[in-house]
Every structure is written in C-alpha cells, then in structure tokens.
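Look for chain A in each of the two complexes below; its partner is chain B in the first and chain C in the second.
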Partner chain A sequence: MKHVAVTQEEIDVRHLIEWVQDRNCGAVCTFMGTVREFTHGKRTLYLEYEAYQEMAEKMMEKIGDEVLEKFQCTKIAAVHRVGRLDIGEVAVAIAVSAPHRKDAFQGCRYAIDRIKEFVPIWKKEYGEDGSYWVGCNC
Partner chain B sequence: MKHVAVTQEEIDVRHLIEWVQDRNCGAVCTFMGTVREFTHGKRTLYLEYEAYQEMAEKMMEKIGDEVLEKFQCTKIAAVHRVGRLDIGEVAVAIAVSAPHRKDAFQGCRYAIDRIKEFVPIWKKEYGEDGSYWVGCNC
Partner chain C sequence: MIKLQTKVKVLCFAGLGEAIGKCVEIPVDSEISVSELRERLISTYPEHERSIRSCMIAVNHEYVTQETAIKTGDQIALIPPVSGG
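Coming up: the complex of A and B.
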C-alpha cells in the first residue's frame, strides 16, 4: 500500500509513520529532507520549491510501486512540499514499513534517491547574494 | 551530540526527531523496531524485554559515539524500551541527523545493527504455545 502527495502544507512525519505502521511489520524507516542553512560555506536564507504537480505525483506513485515490488516492504508514504520553506523545515518525508529492518532501510533509501533523481520538483535557493535555481530537486 | 536511554516508558519518536534536528543538517533518518505479530507463521501475543540497565545504557552511549566518529552525522538519539510490549508498540527507536542523507542512513543503520548485536537487552516472546527467551535482542 502506498500514499504519496505533493503539498503546500507543512509536513508532519507522525502522520506518515502512523499510516505505514502495521502489526505484521517489525521495522519502520523514515527519512526527512530538511532545509539546511549552510552548503559549502554558503548561507541559505530560504528555499522555494516548484513542482509540475500532476507529473510529480505520478512519478511519486511510480516510485512507491517500485519500492513495494523491489523490496519486502509493506507500506510506503511519501510527501514532498512545495512553496517557500525556511531553514529547518521539512521539504520531503518518507516512511516505509517492512517485516524486517534491512528492507525498510533499503526501500526508504531507494525512494529518496529516486525522488531526487526523477520527480519534477525544482528548488530555488535564496542566499545572501541573490537567488538561483539549483536544478531538479537534489 | 548524543542522547541515549533505556526506559519503561512508551517511546515517542517525535521527541527523538526534534532532538536531532539541526539547522545545518539536511537529512534526518529514523528507525523504529516494533513488535510484530507473526514471525515465520508463528503468532506472538506480546513481548517482554529485560535489560542489564546500567551496561545497556553504557553500550548505547558507546554506539552513539561510534556513529558520530565513523560517519558525518551531527546528532543521534536512541531509546530502547523494556518491560511488557504489545503488538505494534515501539521497542527501539533511533534518529540521526546529518548534513547529507547518505550519512544519516548509514549512521542510523549502523546504530540499530550494533544495538541488536551488543546491547544487553533480552527478549522473551509470549506466543500461543507458551513463552521463550529469544536471546539478546534481535
């Protein structure tokens, strides 16, 4: 079972964890990507994420299916936020449940790697010396 | 920075996540080990965990230090519960923050593997055909 979304709302990882928990799972792995202040010594003030929403959700659905096919995972929930995000805010969160921990870790890692590579969400960084697009996700 | 504990209280992973979040981190990885109902077709009714408390906390401190030394991780919080746990309850939870996701995943995985291998906490399973100790953690 999977649940994916691209949203303007603040992400509460608790909801994702609750959604994936299952009495036949012994493991839940979660990942949160948060807005970092410094990258290679350069200060970020805030970020803006922009999505090609319909395609982004379709791609996230596909990635959810892949996780459930490739690993012994039971449920996956993945949410990406768009709009303006301040330092420390959660840009993307994933929760994966599985009977065993190896699969939960692998499924979660696979999901975030694929999301960063393939989902059409762009990030614009606002720093002290202006703003610039930093490509599709990452 | 690290925070570890062995506790009788219910584990709330939110507190661990809040504790590790850091404005210079772009990644938080968490793991929760939960009580599974079926293992190889055998039904578990509930579990009891018993710790050699002082040594268990010392070992968890050591594992926390190892994670911070071996990987580019910023903070780690790890809590193991003891006493009676029902199906679905969280027995162990770990949260690790890092500037980048690779380190957050590696540190979190390393921590749970080491905890299961080395921390003196024993698990007694209560099933439909009686109870038995299932060794040190795992």
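Coming up: the complex of A and C.
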C-alpha cells in the first residue's frame, strides 16, 4: 500500500508513521529532508519549492510501487512540500514499513534517492546575496 | 501527429519558467517530434539555449525520448534538472 502527496501544508510526519504501521511489520524507517541554514559556509534564509504537481505525484506513485516491488516492504508514505519553507522545516518525509529492518532501510533509502533524481520539483534558494534555482542552468 | 498550422503549448518550470513564462505557445507547421520541438523552442528563445538543452521533456506526465511524436492535445513540459528533497 502506498500514500503519496505534494502539498503546500506542513508535513505531519507522525501521521505518515501511523499510516505505514502494520501488525505484521517489525520495522518502520523514516527519512526527513529539512531546510539547512549553512551550506559550505553560506547562509540560507529560506527556500521556495515549485512542483509540476500532477507529474510529481505520478512519479512519486511510481517510486512507491518500485519500493514495494523491489524490497520486502509492506507500506510506504511519501510527502513533498512546496511553497516557502523556513530553516528547519520538513521539505520531504518518507515512512516505510517492512517485516524486517533491512528492507525498511533499503526501501526508504531507495525512495529518497529516486525522488531527488527524477521527481519534477525544484528549489530556489534565498540567501544573503540574492536567490538562485538550485542545480539549474537557468 | 498534429495538423498543419497549429500551436503547441509547453509548460516551463523553475528558472526557465521565470525567464520565458510558465506556459509558452510554439507555432508548428507540420508533424513534429520532441527533438524538433526542442529546436523550435531554441530558435524562439536563443538566449536560453543552454537551459533548454539541459531540460528533459515530458509528454502527458511521462519523460519521453527525442523521437517521440507529439499529438494534438498532449500536455508538454520542459523539465529542468530537478532539485527536490
């Protein structure tokens, strides 16, 4: 089972954990991506995330299916936030349940790696010297 | 394949969306593939060639190859290198 979303709302990580918990699972693994203040000595003030909403949700559904197919995972919940995020806020959260911990760790790791690789979401970093789109030649 | 003298709408995101607009219309005068559409975009926005070339192209919410043919009513998007997470 999977639950994915791209949302403007604050992410309720506890809700994701409760959603994946299962009486036949002995492991729940979570990942949170949070807004970092300093990167290589440069201060970030805040981030703005933009998504191609429909495609991003579709790609996250696909990643959820991949996790359930490739690993012995039972449930996955993954939510990415968009809009303005301040330092320390949760930009992305993933919870994966599995009968055994190895699969939960692998599934969770796989999910965040795939999200960062190809889900159409972009961040614009606002710093003390101005703003720029991260990783983008534009 | 699309008909003669029609327009294709292309969604743009991130820095490219800010630079050229979040939805641009490209007139096309014949059947067109994804790679031909990319060349049309570059000739319309030559100053953004580098960023247009760095994009993946999605048709109907799926990444596609250069050879994919564009059909009437397809939702086309230029996807700059992603940076979520």
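Quick note on the criterion: the second predicted complex is superposed on the first by the 134 of 138 C-alpha atoms of A that agree within 3 Å, B and C clash if a C-alpha of one lies under 4 Å from a C-alpha of the other, contacts with A are read in each partner's own complex, and residues count from 1 in each chain.
Quick note on the criterion: a residue touches a chain if its C-beta (ideal position, glycine included) is under 8 Å from a C-beta of that chain, and two chains touch if they have at least 3 such contacts.
Predicted, not measured: the structure shown is a model, and the values here were computed from it.
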Considering only touches as defined above, state whether A:Glu54 meets chain B (first), chain C (second), both or neither. second
What is the contact status of A:Ile112 with respect to chain B (first) and chain C (second): first, second, both, or neither? both
For A:Arg101, using the defined touch cut-off, is the partner it touches chain B, chain C, both, or neither? Pick first, second, both or neither. first
Contacts for A:Gly33 in the overlay, against chain B (first) and chain C (second): which applies, first, second, both or neither? both
A:Val92 contacts which: chain B (first), chain C (second), both, neither? second
If you stack the two complexes on chain A, which partner ends up touching A:Val79: first (chain B), second (chain C), both, or neither? neither
Who does A:Trp133 touch here: chain B (first), chain C (second), both, or neither? second
Chain B and chain C footprints on chain A meet at residues 33, 112
So in the complex, the part of chain C that touches chain A is made up of which residues? 11, 13-19, 48, 50-51, 54, 58, 61-63, 77, 79-85
Show me the residue ranges of chain B that touch chain A in the complex, using the header's touch definition. 13-14, 17, 21, 23-39, 87-88, 99, 101, 104-105, 108-109, 112
Parts of chain A lying in touch with chain C, wherever the complex brings them together: 33, 49-52, 54-56, 58, 80, 91-92, 112, 115-124, 132-138
